[in-house]
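Structures incoming, each one as structure tokens.
Both of the next two complexes hold chain A, though its partner changes from chain B to chain C.
And now, the complex of A and B:
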């Protein structure tokens, strides 16, 4: 079963569930299954087991006239040291870290509603999922003031509106771009001197990247009627509206 | 034999739609919301035996508040079988007549409004405000 493909696995699952009664009770009892499988009628291909027994002892030459010439020495020596207390080992972790599974409702160009953060309530365009699992979105900046930003999928509502934007292939759009730069550590003397020359809060690189991306997104947004004003507005709930009943 | 309706019109009664055998009703609450059914019998003051063979409603007992009366009525004997109900409904083409009623149209409108996405609701709001502003 380990070597079967996912399709075969699903087919097998379907077959198993088809043979089930409600409540997880199988349709055929053990005797019926035994009769049906009729393994007793089938030929058993007895394959010889190829397990090679590992030698426990090996012969080693011993020097000295009176020492018998050779001796049988165990291949694996018993340890000469045991700790006084049992050493606790952590359990094996075979987990492979993958980026969060992207919801099927979120596709490049989907309008998302941000639910938390400084831009809560705003509607933004989804660009792509970054390797960290976070979603890269843009307002676009000129329309609603949301810059290129990383956003967690859990804090987002995906609407059914999808804007046709050409695929943005930009090498700079990675997690590294958005990581906060560590402040240079000051030594004792410098700590008390105020840093008068402050660097601009948003780097020129970011602004350039924003313009580059929005140059592609904004025309696509303007093509759709009323979409720019829609992106400019904020999401609110009014009387009689309940999120679990709304279709987004 | 005067029908309830003709009696009501003659006496200028307030009510024109009566709960009677053959009355076509619109189910507003419950499993079969949105479908129409015909009253086959009355169980008590608050319950109806109802059947909708042409609209996918099985023969069942519904509460009066689950149901909304329509103008349509067919001529069937009390407690008749589903087969008879089906033949009368198809003879009168009740399904088509129901689609022409305002109730059906309003229900369609409500359904389509619920299917509006977030963008659709925004567009609706904007068009309403611009319309009202004129």
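And now, the complex of A and C:
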């Protein structure tokens, strides 16, 4: 499936489903399929993989006249200790964690409506999906006060408005950027000394990064008519408006 | 900050029941503006909040504020009938005084 195109894949699927009886039972049995596909003509010659046989025993020289000269010693020695009862091993987990599937309505530059959190109701611009699956979003900050923020897809409505943003390739825009910095642990003496020097709540790095990203996004937003004031306004349901009737 | 309304209003009409028995774990909710089973599709899975007042103040674990308001969270599970009513399951069953009370049907988890 990896090598074929989507069309070929579809055609194969149609062919396979056409050859099925209800219940997932194929119409043709193995022998019939063999004859029909002329598999007698297509035989795969599997080359046996060469496995180098490892020597089980090693010959070691033994000193002393009466000791036979050499001894066969096993290469892999049996362990000195093993538990009296069999130790159960957990099953291997070969699952690879993938980021959440991004909704087809969400593309870089899409205007999203935040449904919960401090910025609920605000309209923001979607930048990209981070490896954790969360969406990276920016107000832009100057426009509606939403900084570079991570948002879960489930708490967002994607509108049909898409802004053309040049791709932002910044290595610093990852989940690691949002990790909280551990407070330095105080030892006994220091516990009674008040921490007079408070670190600013928002690091200078973040502010610089915000400016960098917005320097790209804000001009793109300003190009579109009324978009900055649209992003400044908030989404709300008014009387007589029901979300299932709205087209976002 | 101007408050925004990001939920639909719903009324708890009762519990799922036959004439003589009721299943208290499932509440029936009538969402405003939803008149048919087809309309219910948007609301499936959406979180529902039954908000009520109590006598004593309690600290809200998220906002860290002392408040008399309390919530029971739930979710819309499925449609109930063909006229847009909906079956909800709450984390703890709704108290009977909730029948006739308003409930907030949030717009998340969103599938739009």
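In this section, the second predicted complex is superposed on the first by the 154 of 248 C-alpha atoms of A that agree within 3 Å, B and C clash if a C-alpha of one lies under 4 Å from a C-alpha of the other, contacts with A are read in each partner's own complex, and residues count from 1 in each chain.
Heads up, the rule we're going with is that a residue touches a chain if its C-beta (ideal position, glycine included) is under 8 Å from a C-beta of that chain, and two chains touch if they have at least 3 such contacts.
All figures in this text were calculated on a predicted structure; none of them were measured in a lab.
Three-chain overlay on chain A, with chain B and chain C fitting side by side and no clash. In the superposition on chain A, A:160 contacts chain B only, with no contact to chain C. Using the contact criterion defined above for the overlaid structures, shared-chain residue A:105 touches chain C, although it does not reach chain B.
In the superposed model, A:45 makes contact with neither chain B nor chain C. When the shared chain is aligned, chain B comes close enough to touch A:229, but chain C does not. Once the two complexes are overlaid on the shared chain, A:243 sits against chain C while remaining clear of chain B. Of the two partner chains, chain C is the only one that A:120 touches; chain B does not reach it. A simple residue count on chain A separates chain B from chain C, and the partner touching more is C. Once the two complexes are overlaid on the shared chain, A:92 sits clear of chain B and of chain C alike.
Once the two complexes are laid over each other on the shared chain, residue contacts for A:78 go to neither chain B nor chain C.
In the overlay built on the shared chain, the residue A:6 is in contact with neither chain B nor chain C.
Of all Cα pairs linking chain B with chain C in the superposition, the shortest spans 11 Å.
Taken together, the two complexes place residues 157, 235, 248 of chain A in contact with chain B and also with chain C. Listing the residues of chain C that touch chain A in their complex gives 2, 4-8, 32-34, 39-43, 106-112.
Residues 111, 113, 123, 157, 159-161, 226-227, 229-230, 233, 235, 246-248 of chain A touch chain B in their complex. For chain A in complex with chain C, the touching residues are 103, 105, 115-116, 120-121, 153-158, 234-238, 240, 242-245, 248. Within the complex formed with chain A, the residues of chain B that make contact are 114-119, 122-123, 126.
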